[in-house]
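As structure tokens, the structure follows; a few thoughts come after it.
Residue numbering begins at 1 within each chain, and the chains themselves are lettered A, B, C and D in the order written.
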């Protein structure tokens, strides 16, 4: 960490600061330039809050040099983390697809979806029982009954299930859910992250609409630091000025995250674009960019979906996507 | 709502759609152009989800014409909502200032802050007991003890208190808190919003970092539709590409929201910028732009703050801000 | 185009507006709802400026339904435009790679780069003679001499050349340049676009850092409407809040543009990320997403580059990228 | 400037780098931590390109500590720059208003506008003769004739005039224009900036839609480094995800720029919002935030404007704005 001092900082105050920093176990490196004087902090700065330093009236700015995340940091964990559930795995050369309807609506709907996505090669069934909706007047999910229907579809098809937790109050209902999803809007729900750090299940952590990659990793760090090492990161589009697509899918996040962290990274092209015809090209692009998996919305009858029909694929369209994905995984040497 | 049809949409499917829409109680207006054919929907479309229509394969795009929020809409409630607590009020010509430390740390700290901000003219004491922090290694607040300390400061100074709820699990601790704050990261925590709609307390709803004004109003609509009409909106900076300030304070949101809604609008210049020297000019700008109040961080010793010291004012600096704010309120005919 | 009227618009003014619109050759469709009254405009609205209507005091908002671009619009030109120069072609199943140094520095540098990128399979040599630089103190290119060096490299290798025009004043120097590049910062330099519409050369039009896809197509429309139909669009990253990469590469722009327009679309992964290690995964992702080509920076000695060395590949790294790109083009059925 | 080295950087290469940096006249400060090793550069780094260093394979990242702009930097020029033309001045306590139509249309229009804005207290007449327009089908200004009409209005009213230069080709037409405006889209037209650095006229430099404050100052630095010290900066809204307003007016830019630079800063609330009813509250907010002036669109008949009518004020509305602005300037001790 680099502390840039104000030009007129009195020597006594500077010495006091250096003393304080050394008392916290940090080595300091003082360097005086003509116009700029800086103090370099050497040691474990992950627990130093730059804001504390910034608040001092002798400080102009503070710049982090080393990353504030440790457990999620590739530098300290060179090997890929592999998250495995049943036959599906993410990371370390393993590639898996999660597919299913945006929200669970009926037994027929979710079972048909499960059968079809399994046949096409998906390893996980997704389905929303609790749906975060912008409007209080929109359908908000079947809740406990939705989880029940997912578990029935799991029993019938053998597919492990993935579903989103929107409030800690409901966590008991997720006891048999295989992967708990933290949605984009909850990426910085720190109470939820801390609690999930204490549970023994893989967590699918979606990037927030306006979260930087570093913030995504800090949220993963919450879960990891609680003792749960099974975190899957998911890029699902960020908010930009562009309005042609619902969000802007940031595929550069894949190779960038792969350098920053050892955690697996998957992509959600359905929510990223909101447009079903863009799902296939972007699913393929995600594989080519090095993703460890995909999460895709599939609905037996998108035109009747109670939620996000515009971005859902039909089972036939999904078959086509999976054909392309398989060929690319083969080319990339990924094990699907 | 306007439904733009694809060029080659078969007549039978179009008729079926029109029939369905009319069955939902909407009038339709069909208009065929050379290159574009549209169906206009007339009636209460707030419960029609554009995504349902967008999913149809005969539909090219769907455009909302009327706003999806009703209870928050100025069109249906011409008069300003006034939220009053004790001697402080927001809206309808009333202007109030909420001030205090980012997080509650000690009895001395919060009491000194309370005395000073009251003396300077603030009507509410703010203080965080539960702190959302990006890093799992940072101080996350005194929790229940923090609420206790706020209540003691309230007893001593008479100032009503404002504090942030970060998880529904803790709501019972907020029984004596006067205004419950929903932080930017929880603006779309819909379970929390729904629950707060059932409580009988004013809610300070902060705009999310990447939330549009319409989304902010949809979140207010959640609270209003639950039966709680006391919602105060708060602009606190949005996330943009600019890095000189922590966020970009969107002051155009004030007059824009004033046209869109009848709810009071206040501004948080401290979090918006993250830089204490920018608080005064932006607090003044907020008054001039028509805000109904301010929320400002004040700490007796910012350089020792456990959180966000860089943006906190000293009590003396706050005195200066309040002098300026008072003069501007007088000029604007606002009752402080 | 849809004109939404204010609730209290006087009938006489509305009638006057309808009359004016009909006098401009448009059919109108008047539709009165309980809360919202709209006028639909039918006919060629590409020459109607929504701002003209928005300025009227009886108008609440104006929404475009049909696209404001005609010549660039896929709806009116179903077939892909193919831009061909020598052996290289973009669009309609043809894929080409443009490669070379960010800026032309010496004869050795540009000739070595040309030989190596040709050997690796590139069809075009790029090189900047006029360099837009943020700082007035940075190297701004060899100018006329740079163009000379490119032409020599072309003579030696046979590769057609691509170079950026930064000011119309220099256009005469570009007489023998095969493709003129309009940089991101000049995407809305309308005088330049209009002039290039009158020249008989392919134009490589880069998307501006904060340009929507519609604005990119409006800029293409400038060139097309001047009579020059050879426009290649280039996605090169947009500006967002993310700071881990220099810009955010918007690969969803590829399939989206393919639906909106018939023009070829290529991708610049070098400028998008600013990090050489991200170029290969994103180049591959671009092919998988349906791009018609790539533009990649290659420098014989990136560590000695006078400009943007951090994003340049070595010739050996470029060989590796081209191997991957070729395999993907084969899989996609693209003719490289 | 801080150079962060990769963990495994070989000592020999590090020594070579240090030698090279010292040969460029910089002092270096080497500091080795457990996980991070950095080299601090001391001296004039404004001419060191971080990209050069970033390209080295032993370098992880490079961070600037001191600002890359010198002539525009408040640190080296503590006193406010005052730009004075006729009776109007910007900066150093002087406040001026520039007003007039978006584009010059007719003699009557521009003369009436000039008379009215002068009567209301504006010190400068603005008017566009060359109009950058997104659509090739839109009105692009009267060009040379437009400048003529402005000069006539100047003769009649005595108001100095401000007009936008969109291409260097037309610069001779601007010989009698008092302040040359560089529009947002040309903020990084470096050829134009360099040329304007050689002219002896005040330059009104508008911030680009996606330009950081540092980039704005680097563009000012181009003009200053050419020898022209009369630069007025203008905040006119940046591009964000928000769609309720055309752009997001960044008023925090005013006090932030005031700390970074000595140049005067004015605000354009008309273009920032695109909505005439928002102009007054934001004009007032700009004054309260510390702006040195305003530029506001006024049209005798906005509903007949050929360009941007939706954001233009009528002369009567402008009178009202000026009344408010005058009161605020008085309160702020600004000399209008």
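Everything below uses one rule, namely that contacts are C-beta pairs under 8 Å (C-beta built on N, C-alpha and C of every residue); 3 or more make two chains touch, one makes a residue touch a chain.
Every value quoted in this text rests on a predicted model; they were computed, and no experiment measured them.
Chain centres here are means of the Cα atoms, and by that rule the chain farthest away from chain B is C. Each of A-B and A-D has its own count of C-beta contacts, and the greater count is at A-B. Mean C-alpha position of chain A lies 26 Å from that of chain B. Averaging Cα coordinates per chain places chain A and chain D 39 Å apart. Multi-chain contact residues of chain A (touching two or more other chains) are listed as 210, 239-241, 243. In the complex of the two chains, the chain D residues touching chain A come out as 2, 4, 7, 27, 29, 31-36, 38, 40, 42-44, 61, 63, 65-66, 75, 239-241, 243.
Note for the complex: chain B touches chain A at residues 46-47, 49, 51-52, 54-57, 68, 132-140, 166-169, 185-186, 188-194, 208-210, 215, 218, 221-222, 225-226, 239, 276, 302-303, 305-310, 312. Remark: chain A residues 210, 212-214, 238, 240-245, 248-256, 259-260, 272-273, 275, 277-278, 281-282, 284-290, 327-328, 331 touch chain C in the complex.
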